[in-house]
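When the chains are written out, they are named A, B, C, D and E in that same order, and each has its own residue count from 1.
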Amino acid sequence: MTATTAPRGWSYSLGKISTGGWFLIGIGIPLGGYLVYELFDDPVLFFQTTMKSFGLGSVYAIVALGFVLIFKATQTVNFAQGALAASGALFVSYAVFDGHIPFTTLRNPLIEIEPEWLGWSLSVVMALAFSAMLGLLIERLAIRPMVGQPLFSVAVITLGLEIVLRVFNNDAVEVDFRSLEIPYGTGGFTVGDAIVNWSYIAAMITATVAFVAVYIFYRTRTGIAMRAVAFDQEAAMAQGINVGKVFAIAWAAGAVLAAIGGIFATQPPVKQTGAVEPETANIAFRALPAVILGGLDSATGALVGGLIVGFAEIFAGQYLAGQTDLLGPGYTLIVPYVVMIVALLVRPYGLFGTPEIRRV
Amino acid sequence: GSDSDDGDTAADTAAEEPAAEEPAAEEEAMEEEAMEEEEAMEEEAMAEFASSPGIDADNMVIRVGLNTDLSGAFAPLTTKITDGHLAFWEEVNANGGIEGWTIEPIVLDNAYDVPTHLENYESFRSDGAEGVAMLSTSTGSPHTASIAGDAIDDNMAVIPLSWYSGWGDPGIGANVFEVQTNYCVEAMNAVTYLSETFGPKMAIAGFPGDYGEDGSLGAKYAAEQLGLEIVYDGQGQVVPGADQTPVITGIAESGADFTWLTTNPSTAAELIGGAAQAGYTGQWSGNSPTYNPALLATALGPVLDTSYVHSTYNELWGTIDTQGMNDLISVMQARRPDAPFDDVYIISWIEGLIAKQAIEQAIANGDLSRQGILDAFNQITADLQGLAPDQSWSGDPNTNVVRESYIYDVDLAIYTPGATVTTEDASNGYVKIQGPFVSPTAEAWTYEPCFKADF
Amino acid sequence: MSDAINPIADIPLIEIDEITLRFGGVTAIGGVSFSVRPDELFAIIGPNGAGKTSIFNTISGVYRPQDGDIRWKGESIIGTRPDRVANLGIARTFQNIELFPQMTVLDNLLTGRHIRMDSSWLAGSLWVGKAKKEEMANRRKVEDIIDFLEIEQWRKHPVALLPYGYQKRVELGRALAMDPELLLLDEPVAGMNLEETEDMARFVLDIQRELGIAIILVEHDMGLVMDIADRVMVLDFGQRISLGTPAEVQKDPAVIAAYLGSEFAQTSETSR
Amino acid sequence: MFGRPNLYTSYDQEAQIFPTWSKKIAVGLFVLTLFLLPFDVPLFTDEIPVLKSIPIIGSLIGEGIPLARFLGDETWLRPISLVLVLAIAALGLNLLAGVAGQVSLGHAFFMGVGGTTAAFLGGESGDGLYGLGLPIWIWLPGAGVAAALVGILISPVAVRLRGLYLAIVTLGLVFLGIHLGNTSWGRKFAGAPGLGRRFQELDIRIWKEDVPLVNVGDDGHWLWFDVTDNQKRYLFLLVATIVMALLAKNLIRTRTGRALQAIRDRDIAAEVMGVPEFKYKVIAFAISSFYAGMGGALFAALSGQMLGTDYNLFLSVEFIAILLIGGAGTVSGTLIGTFFVVMIPQFVEEITKWLSGKEGGIVGTFADGVLAGPDDFGVIATGTQSPGWQLSVFDWNIVLFGVLIVVFLIVEPLGLYGVWIRVRNYWKQWPFSY
Amino acid sequence: MLEVANLEVVYNEVILVLRGLSIEVPDGNIVALLGANGAGKTTTVRSVCGLLDVHEGHVTKGSVNWRGTDIAHHSPAKIVESGITQVMEGRRVFAELTVDENLTTGGYTVKDKAKNQAAYDRVMELFPRLADRRTSTAGYLSGGEQQMLAIGRAMMAEPELLVLDEPSLGLAPKLIEQIRDIIVEINQQGTSVLLIEQNAMMALSIADYGYIMETGKVVMDGDPKKLLADDDVQEFYLGLHAEGAKKSFRDVKHYKRRKRWLS
């Protein structure tokens, strides 16, 4: 890796502190100073904001990991990730709110298990299994036939899938606030005077677990095979790697991560209702800057990128609220993109992304 | 140039009125002469009406257009409204139509997209199979605005599915016949009620644009008239899809007695939940589309139960006993037994009643052309059969603009989730507090579009 | 320095002076010097990973060496951007074919003429006077090259569909189209059969002799290198281990040990 | 020279866009048809009794040959005009993404810049709106130039990014654009959020005079024809599209076009060939944005309204679909791709309509199985709403659109261009299958 | 034993590349397959390894028998598991993976950890240059280093039949000798080898049997010694004059010469 950044030519001299780097330092120091001031000004609010940022960052990280997983196997951004998130949350709602096994009118036996949280958790696991199956189905029908075809076409196929899934979610099932019966609710506990939502903690734990799992997976044989497939499908086949199997694993896991992201997208700090709605699907678009910021192909990047974007969004929302006149209404919507662009100025492949190999 | 067009329209109406009386008189005479010679009468009647775009005089069919959103952003809502609309016409046709004329509703999906709306309009205005005599639904403000000019050229009467305060202004849409009160007046009435009930400190938050800012401006106008204190002004600050921390912080720190929202339910839920957690204890209310009873089944249910007041511009399902409401309920139960229980069917009914009465008037005038229907609109006072205040459009907008609205309390205890129209004792959790009522603020207000746009 | 061995003391076309190029811990080139005269056919050989391609890359400006200097007609070109280097008159081919695969042979060659044309995008899109004339004139030049390389029948084919040997030829053609003074050829006959190698040898010699273009050749086909090169430099681990005429180099024990191997020494002995 | 399509006697001749007579005539006829499309051309209508009396042709003509008449009722004029407008913008993205290989999801943003600029330059000022009321020959190119300048402004960032990184950064531009339109000063140019601002007609004026030189916005009479405003607009857009397409075609086949393709295919090699990557990527961004800006202005003109939120992500995505379906890199592919992407939903709609209209017979039975009326089962609900899993026809249109994209790309990943290559190869070999 | 019988392969439904090709690789043998560029050698490899699909190619006639089963329509993964591995033409290393990770993918089908380790050690021993660059990203290796990696990767699979498609491409003369020795050694350990080469001398010097193909067909086959003695082979594959002396590239006639066996 070290070799890559050494003496590239004029256009590749990214190693040294470039103008972009100075720029970062230039805005970083006053920004940091301001934050330190805020910390001492109102430590309770600062702590609360920090925890909220961790909550949002973790949700982004989970969704971003789903993107990374599928990217690492297929080299494409899965634009259907948002619809998959909504579908996953919908399955959960079926299982725990309607008490049905998804797609059927059969009673979900798991929900009766006592204590309540256990029954709920088991039902969620079942719902996630349905998400995995949906992922497998999509992979089988729409992605497998594209083995060896231009990546860009695959990306657009996922867009087509997004359209189809969205219609099914929104219009066939009518996801109009279907509750997920979150056992810990949307409320929280207090530390001193600061309020911390249970959902922040849950998201943080889930993100950590997901990150560790994905991180370890990439160091296994199958993980390496997956990266090989992404890079050169034919050569991977020639090594005896079953490209179909690798795709299936990636899509099943990607769909499950999307679904988990979808579940958290109904809870604070994203939403306050604990219920699926059409907007649940938007979590994927909101997480895209995090994916890019971290680097499309890096699990670490997904985690770090998610947290950075989460912090930027929440802190900007909290501490720049007074400047809304200047920044324009809804400025929080573009904060992630601004952070992303600034970071890409310095590192065109995100913080942890692998640069494209360019050698003649 | 629309002002002069308006003048022309008025002139035309004046010119045609004497002519219109003649056939009507003839008809009466015939009825007296021979009641049993019905067929002959019908033939005669047919002869009176020429086929024109949307009118098939040979088969006595009148086509009415619905340019509506069945797959776009508002599809969950508009699909139901459209369905109610169709049920309405089915019922009308089953009962012999309007004076023997069958109404054929033509539905086209605009996907909440302006170019598609325009494309649909192109078929509606044509003299082909999809050409219509009038548009009984035109969903969306920018969409309706985009066809407003053409509608004047075509003499097409248009009922908007949008409560923007500008529709009453002939300069914005001379042929666009707004129904019920607008967002702006609704806000004035509700804010008056809220300030009287909860206190003088008000926070405002809403989307940017014709909907959100119309509501916010109405609230501000009321505040000015009533001497309320606007402790947080979030007009146009709520952008859907963004993290709402700035607005939530603003509301939570304002210490307002109540907050007036003009958003959609999803965003409202975010604001209400977020602010509640940030320590806000005041009350909430907002323009009608801000709220969705399905929210009661979510984690936010208890908060809404205690602190949300629902404002609307019409009666709600089963809250009154009038002909309109009873018809609506019985027809929906008979014709759409599986349809989800929802209050939006009342909007379908209102639009349907208006279109029906305009057509009746046009038939009475003996002119079913587009111009004839347009004229009829400017003559009638629509009887909304208790569903909402009656309404007319001729003359001064300031006298025509509807100023009544309604206030409901939200009650979690009586809410029945997942009900259909046939579910017994189904309720969306509304208990009427007041309405129809006109606040003094709204009463005294001189009409002009609250939110001004170059349309 | 190498000039000592030069039979004719001429002004060198290009002078490589003690260049060093490191990638992290790997030293690809470690203080190598040599110079090439106009019209000379200079070969660089050496084991895999010795730094041959890296030398090409530093000359073309793709890599910037940490140390040393490269002089073109006496002027330093260190740090010059690749496209400026091309403008100076240095053209090259690549070890792994770097043609523009979706373009036709004709368009590939015309792209080679990019630096010899100067119509702007505006003139081009209007297809007026000068732009049109320029296109026609350059088309004529390119046709000459097509004739020279005997690739007439492929003119309008996308290069990706061409057999490997022809792709290598087109790449040579693209470099020629730039009207260079110095041509860098990186393994032009790798993967070719004998017949194609012979064709390529013919082209290279013609380019050197008839067009008077200086050539630096990197190649592992010793038969070819020893037959056609004027001088040969041998690299190992980024260091120059030998430089001289083919005959001298072939006999150098260091070269045999590091690169040629025992067998080549034997066969070349017996066959001559 | 007829019938010998591959014999050229000079490079000049070979370099023409339509090198043979047969091609010239075919294209000429096609363009002529395009111009005549909106009119009732007498030759094709039943007004000529001689034609009608010929047995087969007569019955085919019926009420006039459909091709020449199908635009007659104006219903089709709007979607086809939309095709023309989007084609102009798509040509720009084709230059950037198809030719130079820089996939951008920000095309809608540049269109928005163009639309806003045009509304400012050509629109009237009023109630909180800025406008200069300048004539079309200023505001239309002005829209392109403004977008190009913005393109140049962002290119230092964009040029360093590759592949999906670039795609997603440019996606951010779309959100940024809509955000700017919402700000207090942005709405003075772009019009109020939600309603937008009225957009000027395409009338051609010399300066700000009252009576335009060429009036496009109202019905009128041109030469021997009565023309409606829709028809005039169509013709205007047709001319604009043809001009822009020719410019793009020339650009692609000359020096700059080759340089862009070289960068797309092999960037380092291109530089070593003397093509400065940075410069040409900036050029690509600028030209592409210029096309987008013009397209954006005309898009607003077609809607009659400038509405910031119309320049959204879905519009950007539509362009990507256009490129893929048409086959990236070629002008004709772009035009055909635009036609398909805009018209497919229409065709889908027609098909579902047609299906639901049939009773009995094979189609009828099939329709019966698939469509659900008010009381029976089936997947497609023809009533606008049925609860549960049944979808309305309109939802099915969308699903079908999504499925079509998926199936099409699975079957033909290279797009229509790939289909064409296949057909051509087949016929080249015919009658020998190998 | 691998038996390719009467194989016909078509690309894109129209381009007929193999026209009834028949070759055999008996167990334990080294078989050389020579032929001009575009003759269809790589296509043969693709049909044996099941990779035609990726290139829109199809077997339209004939069969590929490996140990008695027709594998012409098996998936590539299954074929590798049944013991056939190839060194792909043009290296095709996974540029973004490190050298070590590339080798891991090579051993993907070998489940036994100890075997994997042994194979890995052997590769490192054979190619000390790779050992130096273990953790380097493969894409930054020099051309020859990548070729070594490609060969090493194939060896990781411990195949029963190793198909080498131009393994000497871009390698230094000394290394070609080494590769030749490695092939012989691998073969002695029981692996059959199908060797495709432009370097005819090298290939024929170690092969047990040789085929020469031309436009999709075998035009000459037999014992390598016999082939080496053939005049045409001498002239067109070895570059020797009739007298058996090597001719100089400087003396190549500057006009076009073509030799085709058929036509």
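By our rule, contacts are C-beta pairs under 8 Å (C-beta built on N, C-alpha and C of every residue); 3 or more make two chains touch, one makes a residue touch a chain.
Please read these numbers as outputs of a predicted model, since none were measured by experiment.
Any chain touching chain B that also touches chain C appears here: A, D. Distance from the centre of chain C peaks at B, each centre being the average of the chain's Cα atoms.
Chain centres here are C-alpha means, and the one lying farthest from chain E is B.
Taking the mean of each chain's C-alpha atoms, the chain closest to the overall C-alpha centroid is D. Once the centre of each chain is set as its mean CA position, chain C and chain D turn out to be 46 Å apart. Look at where the CA atoms of chain C average out and do the same for chain E: the two points lie 28 Å apart. Centroids built from CA atoms put chain D at 35 Å from chain B. In chain A, the positions touching at least two other chains are 3-4, 11, 167, 171, 174, 329-331, 333, 360. Residue positions of chain B touching 2 or more other chains: 71, 75, 79, 208, 236, 239, 340.
Contact with two or more other chains is made by residues 136, 140 of chain E.
Within the complex, the chain D residues that touch chain A are 103, 157, 160-165, 167-169, 171-172, 175-176, 179-180, 182-184, 186, 267-269, 272, 277-278, 313, 317, 320-321, 324, 387-392, 395, 398-399, 401-406, 409-410, 413-414. Of all the residues in chain A, the ones that touch chain D in their complex are 11, 76-77, 142, 145-146, 149-150, 152-157, 159-164, 167-168, 171-174, 285, 288-289, 291-292, 296, 325, 328-331, 333-334, 337-338, 340-341, 344-345, 348-350, 353, 356, 358, 360.
Looking at the complex, you find that chain C touches chain A at residues 21-26, 53, 57, 61-66, 79, 81-82, 94-96, 98. Listed in rising order, the residues of chain D touching chain C in the complex are 11-12, 15, 247-248, 250-251, 254-259, 261-262, 264-266, 268-277, 283, 287, 329. Residues 70-71, 75, 79-80, 82-83, 86, 107, 109, 111, 114-115, 118-119, 122-123, 126-128, 130, 141-142, 145-146, 149, 164, 166, 207-213, 236, 239, 338-340, 420, 451-455 of chain B are the ones touching chain D in the complex.
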